[in-house]
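Inspection log for the structure reproduced underneath, given as structure tokens.
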């Protein structure tokens, strides 16, 4: 089955970020969104560990390990960067000052519940800033493969994994579709043109609704 | 009756401030304590409006009105001064970081209750930072005339004026005596030598107790 | 993105009737006099914004700044810790006449409530005011054997603040003790307007020295030589000036 | 007053068994490696301090810093948000073997609890973790139609932090994102020790640029060229080094 690559999902998510938006990207895959800002738009990126307005990764060998993001990867300064401490950083998060947070997911439920921090009682649990980010950013979006590695739906009726937050996600960018969450339902906005509605529904763990036309999900060259 | 002047009371209070102590002086009369730091000791003064380690008043005409204390009087910079915002300033206060707060009083009760912000329902009420200062400084002391202008006790059995804080004062420097508060009782530590215990008791609204010798209250030349 | 606004009038043009307005400053130090006077001028010209709730440590001094707002009748309620000053007549007379409401808040609680508003903390416990008249009606709780009062966050529709240097992105620094409430008010208001003495390009402020990151600021307006409230009052200034 | 301490060993000599120790840093950025290693050296020489509770965002990486403390057996409990790293083996093994306790706290809640500890706020409400496993057993309350979890302050006996410049009075500045938890940990600990790359006389730091005022700092020790944890781990460093 044709599906978007992670880079292509990240590209799609980046198209919805307006110029001047304050954005937090979750560690790992979501960090990729920063690479695909549309021309003429410049988001201002926030990282939990106390930087606002940082730039992209430095060239290898040029890292300054006091200048890292929440994923512990090196970043760079830009004109207008600001440093602050952790309590101020999460005041920005919890206080509703971020426009968008884009996070990864194990599961997203049709009521907006998100599970993205724990796959269960085995191993060492780690939560980081995810539980704060889902409460505070004006818009919480998820980017994810549409299904798990073994083909199970990640868009579900009800999360079975430990929750990160209740009713917090409003848009999901997947490898197959763009789905909004509204009034406790999945609303299909875009899907890959080659994929029928029924095929997509069969890969989704709760009913997909439509509210007007479903647009074609663009497959960008990235 | 001979009694200490305000300056002399302030001098006495200043003798109990150790070198390097972090000190907040209430606005008005308590500010005078800063003038009488014993030689070789240097307290670090905090003011609610966001300065730590400021210096004395500037010469008239040299005021910078962005550099004022909580009483809106001009102060000066010293090496090591720091500026911070109001929430951080009261984190210092409430968080137990000040060694001493010295405040004025309308009434202090033998249980340590303090009334110093309101003389009743008439007029415009104003509280400022007093209610914060009484909860947080490691030691809360009061400096005051021993009696009101019309001769009534200010050291009382129970405060009749609106309270600033409960059980917060541990030492009172008056125009006649130094009185500690311990286990809900006034403990007389020093008194003017010319004044008999009974005379002092007659000017005090609750029993004065003794715990060992009562020292002579020094009348300094200031 | 460029948060610069061309004029003081533009900077205050959207504040609606009935708004809650946080105004920086402690006494005259940090008072954004030019923004306040622009707001008064708008009110005198248009009748708006009226019935404001103003949040500031004090309640004005003399006949300029917040005192002038009160004198002109724009303010329905003051939220402050210390409504006294060298010349508090304007507030005092209206208050005693029942023409203005007062919510008296201990200064540290005022600061913490504002910071909580900006930080997404709807309520917190403080020892301050426990057992006093100012705690009446508030929930209390005991933690580790000590009693505390529950206080709620304080937010505003608008904050008007004075800063020293600001860049196009809204990053700000302050001048000495003029900092006071401004950084936390910038956090707690839905829309924050800063008048700044110096405007610089992004990068013109050392990232280590930024006190208010631009995320908390919506508009920056240049006021190169701001008036000092204390100086105005010593010169017996009145706003608006009465034409001869 | 002079808060300078002559040696790293002196700076950590008073920390008792069972102490709660806040350690600055986010990953390697801001980790006070030299203070941590001095504490490990003391433990290896004397058996103290043992059974520590360590509060940090993470739980160590590789075989230096906090990971080395855990590896040597000094740590009874970690309080952190993210006990994972490039090489988390030391913590992971002890945790899975039941040899170390873990209190997992969402990162923003961890920061706010520490700040509350320093600010005299015994409890506060946050939306974070509401309805999740991490809120189990905690009081909840509704404010303005939204649900919140009550969280308690977090204090410590000691904070060990890394700063860039410090003066004799304990005023501190930091280097870039190495700031992270250090300013709030300095507030929340009964005794705060800062290792600083540069020591200056009072007045050597611009009063506007002070990030941590000296009131929050008890001891300052000079470490002119501090190690970066990330560099140590890339070089596969181990503390203590095993003599050949």
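The first chain written gets the first letter, and so on, giving A, B, C and D; residue counts start at 1 in each chain.
Keep this in mind: contacts are C-beta pairs under 8 Å (C-beta built on N, C-alpha and C of every residue); 3 or more make two chains touch, one makes a residue touch a chain.
Which chain is which protein? Per UniProt: A, B = 3-oxoacid CoA-transferase; C, D = 3-oxoadipate CoA-transferase.
Note that the coordinates shown come from a computational prediction; the quantities given were computed from them, not determined experimentally.
Undergrad: Which pair, A-C or A-D, has more C-beta contacts?
TA: Taking the two pairs in turn, the one with more contacts turns out to be A-D.
Undergrad: Counting only Cα atoms for the centres, state how far subunit B is from subunit D in Å.
TA: Using C-alpha averages as centres, the distance is 36 Å.
Undergrad: Could you give the separation in Å between the centres of subunit A and subunit D, each centre being the mean of its C-alpha atoms?
TA: Distance between chain centres: 30 Å.
Undergrad: Hey, how far is the Cα centre of subunit A from the one of subunit B, in Å?
TA: Once rounded, the distance between the two centres reads 56 Å.
Undergrad: Give me the residues of subunit A that touch two or more other chains.
TA: Counting only residues that touch two or more other chains, subunit A contributes 83-84, 87, 90, 93-94, 135-136.
Undergrad: By residue number and range, which residues of subunit D touch two or more other chains?
TA: If we look for residues of subunit D contacting two or more partner chains, we find 112, 115, 119-121, 126-127, 174-176, 207-208, 211.
Undergrad: According to the definition of touch, which chains form touching pairs?
TA: By the stated definition, chains touch in these pairs: A-C, A-D, B-C, B-D, C-D.
Undergrad: In the complex of these two chains, what residues of subunit B are touching subunit D?
TA: Residues 19-20, 22, 42, 44, 46, 52-53, 77-84, 87-88, 90-98, 135-136.
Undergrad: Looking at the complex, which residues from subunit C come into contact with subunit D?
TA: 112, 116, 119-127, 141, 143-144, 146, 148, 152, 173-176, 206-209, 211
Undergrad: Taking the complex as given, what residues does subunit C use to touch subunit A?
TA: Listed in rising order, the residues are 1, 115, 117-121, 167-169, 171, 187, 201-203, 207-208, 210, 213-216.
Undergrad: State the interface residues of subunit B toward subunit C in the complex, per the touch definition above.
TA: Residues in contact with subunit C: 47-51, 63-68, 70, 72, 83-87, 89-90, 93-94, 118, 123-132, 135-136, 162-166.
Undergrad: How about subunit C: which of its residues touch subunit B in the complex?
TA: Answer in residue numbers: 26-30, 57, 81-86, 88, 91-92, 95-96, 102, 104-112, 114-115, 126-134, 174-184, 211, 228-231.
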